[in-house]
Each structure stands twice: as C-alpha cells, then as structure tokens.
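Got some structures for you, see below.
There are two complexes below, and they share subunit A, which is joined by subunit B in the first and by subunit C in the second.
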Partner chain A sequence: MLRALLRRALAALATLVGVLVVVFALLSAAPGDPAALALRDGARARPASPEAVAAFRAAYGLDRPAAVRLVSWVGRAARLDFGRSFRDGRPVAARIAETVPITLALNLAALLLALAAGVPLAAAAARRPGGAADRLSGLVADLFFSAPAFVTGTALLLVFGVRLGWTPVLAEPEEGLRGVALPIVTLGLAALAPVTRVVRACLLEALASPAALAAKARGEGEAAAVLRALRRSAVPLLALGASLVPQLVAGSVLVERLFAVPGTGQLLADSVFARDVPSVLGLTVVAGAAVVVASAVADGLSAVLDPRLAEGEREPGEAS
Partner chain B sequence: MRTTPRTRAAPAAALLLLFPLVALLAPLLAHGPSGGPGGLRAPIPWDPGEPDLDARLRPPGADHWLGTDDLGRDVLARLVHGARVSTGVGLLAAALSIAVGALAGALAGVAGGATDRGVLFLVEVVQAFPPLVLVAAGAAFFPPAAATIAVLVAATSWPDSARLVRAQARRLVRAPFVDAARAGGASATRILFRHVLPGALAPALATAPYVLGAAVLTEAGLSFLGLGTPPPAPSWGRALADARESLGSAWWCAAAPAAALFLFVLSARRLGDALSGRGRG
Partner chain C sequence: MRARSRLLRLALPLLAAVLAAACGRVGKDQEAVINRRLEGEPRALNPLLATSDPENVVLALLSRNLLDYDEKLNLVPGLAASVESDPAHLVYTVKLRPGETWEDGSPVTADDVAYTLQAIVDPKTPALYRKSLFDAMEKAEVVDPLTARVTFSRPSVGQRDAFNLPLLPAKLYRGTDLTSNPRNRRPLANGPFRLADWEPGRLLRLVRNTQYFGERPAAEQVVFRVVPETASAFPSFRSGGLDEMRLTAALKAEVDASGGRQRSLVYDELAYTYIAWNNRLPFFDDARTRRALTMLIDRETIARTLYGGLARPANGPVPPGLWSHDASLPPWPYDPAKAAALLDEAGWRKGPDGLRSRAGKRFAFTLSIGAGSERQRQIVELVQRAYRDAGIEMDVRPMEWGAFTTAVDAGDYEACSLALNLDPNPDLAPNFRSTAVPPEGMNHMFYRDPKADALMDEIATTFDREKARALYAELQRVIHEDEPITFLHFVSVSWGVSDRIHHVETSPLGLFLFWPGGAGWTSGRGTAPL
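Showing the complex of A and B:
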C-alpha cells in the first residue's frame, strides 16, 4: 500500500517536472523576443530602443542559453520562484498568492453548491430512471454541458443583475453573499452537469448490485439504500472531484472576467494581455500543478479506500 | 418515448451540418448593397463590419431581424460571418487533434515499451493543463490568427484520442492478421499504418463531435477574453464580451451569439452521444 502511494507521488512529481518543461518550451517556441514584446507599451505601440531591450534581457536573465535557462527555470519554479512581473516588478509568486484565496473560495462555494443540488437530483433520478427527476437531470446535462460558463453567466447577469436588480452587475465582495452570488452560481451550474451525471451513473450501478438487492431483502429503507450506494461509489466520486479541477480552473478564468472578480483567472487574462511573460508562465504552472496534485490526491485516497486499486493497473484521474 | 442512437443522430447531425454550411455561404447570405460575389442581392442586406452610428442598438425588427449592436452593425450578419471563425477553428482543431492523437496512440500501442511509456507520460503532462489556460497562455506568445488558435487547441486536446487509439491498437497488435503480416515481412511502419491504425481509429473518430464541441467552446472562451482572432473578424465569443456593456438596453446582442454557440455545441454533443453509443445523462 505504502509503496503504491509512494509510486503515485513520484509519478505526480515527474508530471510536475514535465509541466514545467512544457511551459518553458511554450516560451522558447514562441516567435519574437519577449523582452521587445514586454517593452513595447500597448498605448504607444512603438518598438523599444535596442539598448533598452538589451538591458531588459540582462536584467531578467534572457541573454543566457536556452538550456541554462531551462535548468534554472525548473529549479526556481520548484521553489515557487517565478521571477518578477514585467508589469510592476513585483515577485510573480506574491501576485499569484494575493489572488488564490479569492478564486479558491469562489470555487469551493461553487463546488458545494453543485454537490448540494446535484447529489439529491442524481439520487432522485437514479431511484426511478425515466421519471420526472431523471428527465430533469437529463435537461441539466444538456443545458450546462453545452452552455459555456460565460453564456450561463451572461444570462444570469441579464436576469438577476440587470432586469431584477437583485445583485450588483460586477462582483462586490464587500456586499457579502449578494455581491458574489452570481459568479458562484455560474461556476456551480457548470459543475452541476458532470456531478449529476456521474453521481447518477454511480448510484444506478450500486443500486443494481447484488449487495443492494440483499440489503433490500433485509428490509433496508430507500434513504439508507441511497446512502449505502453513495458510500460504495466513493472511488469514482473521488475521480470526479479530480476531473472537475481543470474545468473549474478554466471556468474561473471566464467567470472572473465576466464579473470582474480580482482572482487568479483575471490575473491570467490580464497578464496575457500585458505580455507579462513571467506571470503567464507562473500562472500556467500553478494551474497545471493544481490539476496534478488533485489527481494524485484522489488516486491516493482511492487506493486507501479500495486496496485493490493499489495493486491493479489503473490510469490516474480516469473517470469510471 | 423510445429512441435509438440512430433516431437521435439524424436531427443532431442535420443541425450540426447547418453551421459549416452557413459559414461557407456567409459571403452570399450577408453582404452590403455594393459588395458580394456576383452582384446578387443578399437575403441579409447588411455588411457585417460596416458601422452605422445612426442605427445603434436597434431592437430586432423588419430591417434588422436580430437588431443591431453598439456600433449599429447588423447582429444577424455578424452572426452568420462569425460562424466562419467558430467552425473554421473548430474543424481544423478537431482534425489536427484526432490526427495527432491517433498517430501517437497507435505508435504507443504498436511499439510498446519505452515509446509507450513516453507517450503516456506526455499524455499525462498535457492533460495536467486546463485547455483554456494553456491556450490563453499560448495566445500571449503567438500571433492571434485563427490557425494559431486551432493548433493551440489541438495541442491541448489530442491526449483523449491518443488514449482511445492506444487501447485499441494494443489489442489489434496481438491479432492473428498482424502476426501474419509480420511473418510476411511487413515493416513496422507498414504494420502501423496499414494494419493497426485503420482498425484502431474508430473509437477516436466516434468522439470527433465531442472534440469539435470542446474546440468551439475553447475558441469562444478565448475570444470572450479578447485573446481570439483579432477584429474586424466577427466572432461569437467577442460579440458576447462586447454585449456585456449594453446588456441592460440590448439583450439581443448577447442572446444571438449565445444561442448560436449553445446550439452548435449541443448538436455536436448529441451527435457524439449517438456515435459512441452512449445514452443521455
């Protein structure tokens, strides 16, 4: 067991290094000089002088060979040192750290919302396939798998922010829950579709198992049966949790922009606009690391819950 | 009501085909009085890029069927021309993604050993990135042309087809007919392309509509962030972002591209469900 967990952790570490190399390759493969790009102010759109570019390159270490920069980049990134922002010269890690709590809180609230709505809906759908609740769960899947977060968010904004005036049109955390309700609901609805679909499939399978039949024969009530089925589905549900992370991260970028939430997603969009190379690279690494860590933790917990997984060959992060 | 995959595939496929069709015919469907091929009068007699400051934010009506945007441009004309960006990027990205994924997957499945482990590692690394994040990061470094975006989207989405094709190729490579080919002196390349790849491709091709839908969504998201194909090319994602400012007075500017995007992705997903034999839910 311990060896399997260790092996999974090592694999995650290797993936993280791979993530760093990919991000570096992205930078190196790009045409044009990042220094020249960074120095060309968007407003003036005038190329910087060669001296300024050379000074900039020296200041940010861009004048060294690519291999040297790769090794030093991986080494520094491992210590969460992504250099200084081209924008304001502050450390990239500090800029990211400022925004992470906001995005984390937003996503956690959205996830709780999706679970609170999705699990009962899926339970009702699984109890009577083809019934009213099942058709509603199908509608939810159709609607929110196909509508991207910024479409759902715009619709919510139009109805609740503009027409009804219940919420501010931009996120205002000072106003409490009312101020951040729309971004949370938008992200929550995006997560609702996969939550409902996976939980429904898990429950259907668990409720049809011989163990469920035996429990029913012993006189187990319906609520207890659903609870037991949920517990039996712990492993695929963990995988679902891990697979939601990339979706939530991507959704945050769009939703934070739509509602002007000063979170990590907004920082990424701003940094791409400003051609702030160190910030873009740092944020990309953080997003990749979040996915890798979530997937490894889900796999580790799954192995603890179901020791058979530790022995068998199972591809990490794979939804059942 | 009883539905079979086939009965559900037909309406989805018909709706999905509408989008490339509109994209192809956009120059005929919508152009101003002067422009337009062949001097034909267009059913939508408005130029998608021509601002008309006297006709700003007009509601849907007889002149402008879907109203006008904040610069007085016809929303329907921009919708029709915007289909070119969405379908173009989506189709190119899906084709590239499946081609690269199938090749990598078949190679891993046939070669096994270190090649297999290498491809799986690469799959794992690429899947660590949320697609929109990697594509947005790429947009910071590469010029924002439609082809660049398609390549970036494909670069993030090929692992899914690689996994599918690899699993199938691993089964096929042990089949008697592959043994026979090998005994007959076929080279490794020939076995890969001639004997394994054609048979291993089916599961990846069945997911092509999903890949298309995801690519369209990523492109729209990128445009929504303002990082997509640069103006004046009309794009649905950018139209939605622009519509935010006038949402209170002109809901139609947001509703039109939102509905188009939704129907495009919904029909792609439905077709994917039908092709891969997956029920709904």
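Showing the complex of A and C:
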C-alpha cells in the first residue's frame, strides 16, 4: 500500500510540474513585455520609461532567460516561496494564504449543501426509477448543472438579494451564514447534479444486489434498504467528492467575482488579467495541490472503508 | 456510519472556524458611512505610482495636492498656500501652509516637497503620470521648513499644473525602494481621511483623519468595496448596499425611469475616442483619404444608438471640458458622397469588383482593437460595413489587451481603435508633436506637420491665456484639416448616486478627482459639507 501511495504521489507531482511548465510557457509566449504591462496598470496609463522597465525587470529577475526563471521558480516554490507579485510587490504566498481559507470554506459549505440536498433527492429518485420524483429530480439537477454559475448566481441575487431582500447582494461575512448564503448556494447547485446522478446510480445498483434482495425477502423495510444502500455507496461518494473539487475550484472564479468574495478565484482572475505571472503560477500550484490532496484523501478514506481496495492496490506477488 | 461521523468531525470545525473568523465586526452608524464602489483593487496607495482609477479615487481622500483643481479645473491652494513663478517662469516657489501635519502628527515640510520631486525625476521611478511633467526640472531645494524652490531649464505654460501634486513623507521613503516600500499599503495621510483597514480583495475602510489641517469631512467613514462585476454592483446599488457607481446608458435609463432612491448624474469626460491611422503607411499618408475615412462614419447615429445619447461627434483633440476647446469648429459631417469624391481625388478608385485600389494596390488594411468592449466591437462592425460599401476592405483584429497596448505603444499597427483620457493641462505635444513618436513618445500614429509643431512650440511658452486660446484654435484647425486620426466621439459619463448622499458635484475630472470631490459628500443626517 505504501508503494502504491508513493507511486501516486510521484505521478501527482509529475502532473503538477507538467501543468506548471505549460502555464509558464503559455504566459511567457503571450505577446507583450510583462514588465511594461505590470507598470502600466489601467487602460488609461501611459507607457513607463525604459529605465523604469529595466529596473522592474532586474528586480523580478525578468532579465534572465525563461528556462532559468522557470527552474529557479520551481526550486523556490518547493520551499513555498512563490516570489513577489508583479501587481503589488507582495509575496505571492502571503496573498494566497489570505484567500485560501475563504475559498476553502466556500467550497466545503457548497459541497456539504450539495450532499445534503442531493442525497435525499437521489434516494427519492431511486425508490421509483422513472417515476415522478426521479424525473423531477433529474430535471432540477440537470437544469442547475447546465446553467453557468454566473447565470444561476445572478438569478439568485436578483430574487433573494433584490426582490425579497432576504440576503445581501454582495457577500457579507459579518452577517454570518445569511451574508454568504448566495455564493454557497450558487456553487452548491452546480454540484447538485453530479451528486444526485451518482448517488442515484449507486443506490439503484445497491438495491438490486443479491444482498438487498435477500434483505427484502427477510422483510426489511424500504427506508432501511435505502440506508443500507447508502452505506454501500460510501466509496463512490468519496470518489465523487474528490472529482468535484476541480469543478468547484473553477466555479469559484465566477462566483467569487460575482459576489465580490475575496477568495482564490477572484485573485486568479485579477492575476490573469494583470498578467501577474508569479501569482498565476502560485495559484496553479495551490489548485493542482488541492485536486491531488482531495483525491488522495478520498483514496485513503476509501481504503479505510473498504479494505478490499487497499488489497487491490497491491502488486501481484507482493507480500502482505 | 462511523465513516460519516468521522468526515463530519473533520469538516464542520473547519467550516465553523473560518466562518467565525470572518464574522464579528460591528458596523458604524450607517448614516455616517458612505459606501463606494471600486471596480478593481488598488495595487498600492503610493500617489506617485498610481495609474488606475481605483488607486486615484482612494488617494484623493487620503492626500491633498500642493495645488488642487476645483470643479471648474481652476488651480486652488491645497497643501501649498501658493506656488508662484519668477517672471522668466523658470523658478517656482512653493509655500506650504503652517500647521499642516501627516496623520502621525509630524509636520508636512518643504523637505517632503523636495524629496517627492526628486523621486519623480529618478529614472527608476515608474511615476507614469508625473514624470513627463517634470522633464525640465533641474533641482528642487529646501529654502526653509515651509518653503521649497524648484528650478526648471525651460519655461513651460503647463508647468504650474504639474504642482497638482501629492506628497510622499520623506522620512518614510528616503533611501528605500519606492516601488516595494511597505508604506505603499499603509500610506501616511495628510488629507481628510486616513486608511483604517484594508481587507485584501474586499474593501478599504477610511476614517476621518483627526490630524487633518482643514475642515473635518461630514462623513465619519468611507468604505470602498471592491466589486468588479457590474452584474452584482448594480443590484447592490439599487438595494442600498452601494452609494455610487458608474452607469452604462442602459443602467442610467433604468435609474431615471424608476426614480426613488437613486439619481443619475452626467458629465463630459476629458476624453475622446478615435481610430488611429498609421500615417507612415501608403494607405493613410494623404489627408484627403483620412478625411474621407472619417466622413464615411455616421457618428451621430452611433452616438444616439450605441451610447444612448451620451456622446457627440468629436471635432478634434480638445474635449469641451477644457478651456482651449474650439466650439466653433464643426466636426466633419457624415457624407459618403463627398468621401467617395475625396478618395477618387486621392487616387483610390473603384475597380470593376467595386473595391478601391491605387497603383495596383488594393485599399485593404487591418484594424486592431483591444478585446473586451462590446460597444467598441459594435462600432467597429458599423465602420467596417460603411467602408465595405465604399469599396474599402477593413479586417478587424481583436487582441488581448496587453498585446494590444504593446503594439500600439510601438506604433506597430495599420489602424487601431482607442480612447484617450486627458489631463486638465491641454498640451497636445505629447500626442501630436512629430518628435513624440514611439518608442519613447505617444504619437503612435506618426503624425507629422511642421505647422502644427510650430504652433505647439509657441503655445508651450505663451503664458497669456487669451493668446494661447487663439493659438489652440488655430492648432485645432490644422489638426482638423489633417485628420491624422478619426476623432470619433466626445463621451459623457453617467454616474449613479444614492439619494441619501448630498453635495455631490461633477467636474470634467468626474466626481472625485478634484477638490473637494468625494470629501465634500454628506450622507443622511451628516453635518455640513466641507
């Protein structure tokens, strides 16, 4: 098992480095001098003097070849030093550290909401496949899945923020859950469809298993059967949770901008628009690491819940 | 079941801890708080480095200038009681008012003036807006704690405008790297407000500066909220979360139609939109051709339909908000027949395929635009259609903004569409003098006219306002005849303001970048204005 984990970690690291190289290459290949662009923030600004551009390039190491910069950056990133932001000169690690807890809380709450709403919906759907509850839950989930988060969010803020006045239009953490309800619900609704569909499929499979049929023959009630089936679905649910992380992280960019939430999504959007290379690279590492960690955690928990999976990871002939 | 409770034990405390950390601030009496919108977060709050609107509007409340503009763009005393020049207009004496202090109680001194000016002219300082204003500065000296003397190598009529200048505290900046000084995020105020709190990416909270030398502002707090998306900013404005925001024509119409808790204000911006023709290229080397290209565009209709009436055809490079604007000069009319005749005259004749060519070369070129503006895209499409009807092929090339500005700064384009925002100082030389071409200058269309050059040089040393006005009128006529670029529109800006905010004035600089601007606003039962 240890070797399998190590192999996975190495593969994840290689993927992360590959993504970094691609992002770095794309940013380097984009036309325009990043130093001149960084100094000229704002559409109205005039170009900076050659001396100022040269000073900026020297200060940020932009006068070195791209390959040298990349290697040097990766070396420092390994020590969690992502360099200084082109935009405001602050350490990128500090900028990211300010935003990560906010995005983490937002996404975690959205995921919990999706599970809280999606599991009962799926259970209702699985009880009568093709029935009214199944069709309705499928329709609702598909509707929110196909609508971009920006559209869902705008609709929610117009209804609940403006028309009904139940929540503030912009995220206001000072007001507790009410103040952050709209971005959480927007992200949660986007995750509702995959949760509902996966849980429904798992439940149908579990309810049709020989064990379930035997239990039914012994007189087990419907509710108990669904609960038992849910327990059997824990592993695919964890895998689903891990697979939702990239989707939620991507959705965060739009939702955070819409509701003015100062999370990593908004920071990423600002950094891309400003061609702030160190910040974009730092955020790429964090987002990549989030995906890797989420899937590793899901794998670990799956192995705990179902020891057969850990056994399956073992190499043929490997001693137990 | 055990697995589920294990998961909950992990997730819930984390969520609760983050939400709890985010909660807990008790609000001020909201009547005395003004909630303003920032379309982006300031990079820093260093007045010499500021280039974007979010930085400038926050700094306008934190820092007074040596001289401020009033709403009519007259220079009035700010930190300086006076800025006077010698008869030769080479030596300027800056006299500070006694009793002025920074927010920590230390005095504002002539040393701060001298240091700030020396920092501006330091080649390594990216003071993009200020540096060119002090190109001719030879030295800045301290005469006494309240008097500084600034010497220039040549007289310039716009030199006094350059003293619309905020100061840096020398004691905190001298000997440091200006661009990375930590004080750029914790500025020392000498204006009516000071920075109390900066939540990165979210808001900046300003409170009254108790050390401010002038009258205290009516508002106790000004909270700047970073709201990049208009889709959420406008609902927030309508429901009272924000007290002001820039409006599009459609949003203005909505505010005007509904009445109630908000109103809209309109001002003529110191700006014009234009299509630049690269005058070095054979397509655009003849004034008749350039005039024809302008006369093919129905700018009145564009102003009415795409700007919702918040624009008018431009007659040249000087907008109506500037004293040097020549209102008697009519814009080139929309006249496709006359334009066709001009093109024929310039040698661009229609072939059997309906396309124009000269000496075997087809009239076909590419117009570059910065991607992102829907209205600009629509304008360019209308222009493209009009040119196609006239036998001219124009391809449109949308470019990522950074790549676009790089190409424009280098003059590396055939035609491009842009807007230019101007200073109250109406000097046209940075954009139109033949020597101000790339890579150093901003005459990226490579306009060259000896008569225009001579007029700009004469204006630079004409200190008599009436004489200068006549010279500006002549210069505008020369540029109008040459039409080196197609002056599209003078644009008006619409701003929405909550009805609970009073004493709101507008100027050609907008609502904020003059004195008292936003510092004079009162809210609800706030006290009298500044």
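The rule we apply is simple: the second predicted complex is superposed on the first by the 295 of 320 C-alpha atoms of A that agree within 3 Å, B and C clash if a C-alpha of one lies under 4 Å from a C-alpha of the other, contacts with A are read in each partner's own complex, and residues count from 1 in each chain.
Going forward, a residue touches a chain if its C-beta (ideal position, glycine included) is under 8 Å from a C-beta of that chain, and two chains touch if they have at least 3 such contacts.
Keep in mind that this is a model prediction, so the values were computed, not measured.
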Query raised in the report: With subunit A superposed, do subunit B and subunit C clash or fit?
Result: clash
Query raised in the report: A:Leu281 contacts which: subunit B (first), subunit C (second), both, neither?
Result: first
Query raised in the report: Looking at the overlay, what does A:Gly138 touch: subunit B (first), subunit C (second), both, or neither?
Result: first
Requested in this report: Give one of first, second, both or neither to describe whether A:Ala59 is in contact with subunit B, with subunit C, with both, or with none.
Outcome: second
Query - Partner chain(s) touched by A:Gly176 [first = subunit B, second = subunit C, both, neither] - result: second
Requested in this report: Could you tell me if A:Leu258 is touching subunit B, subunit C, both of them or neither one (first, second, both, neither)?
Outcome: both
Report summary line: Shared subunit A footprint, subunit B vs subunit C, residue numbers 30-32, 150, 154, 157-158, 161-162, 169, 257-258, 269, 273, 275
Query raised in the report: Can you list the subunit C residues touching subunit A in their complex?
Result: 1, 3-4, 7, 11, 14-15, 18-19, 21-25, 27, 40-41, 43-44, 51-53, 55, 123-126, 128-129, 131-132, 177, 179-180, 184-185, 199-202, 225-229, 231-232, 235-236, 238-239, 241, 370, 399-403, 405-407, 409, 419, 421, 439-440, 442
Report summary line: subunit B contacts subunit A in the complex at 121-122, 124-134, 136-143, 163, 213, 217, 220-221, 224-227, 237, 240-241, 243-244, 247-248, 251, 254, 258, 261-262, 265-266, 269, 280-281
Report summary line: In their shared complex, subunit C is touched by residues of subunit A numbered 30-33, 36-37, 39-53, 55-56, 59, 84, 87-90, 95, 98-99, 101-102, 104-105, 108-109, 112, 150, 154, 157-158, 161-162, 165, 168-170, 173-177, 180, 231, 234, 257-263, 266-267, 269-270, 273, 275, 301, 304-305
**Report entry** subunit B-touching residues of subunit A, taken from the complex the two chains share
**Finding:** 11, 14-16, 18-19, 21-23, 26-27, 29-32, 34, 125, 134, 137-138, 141-142, 145-148, 150-151, 154-155, 157-158, 161-162, 169, 197, 200-201, 245-247, 249-250, 253-254, 257-258, 268-269, 271-273, 275, 277, 280-281, 283-284, 287-289, 291-292, 295, 315-317
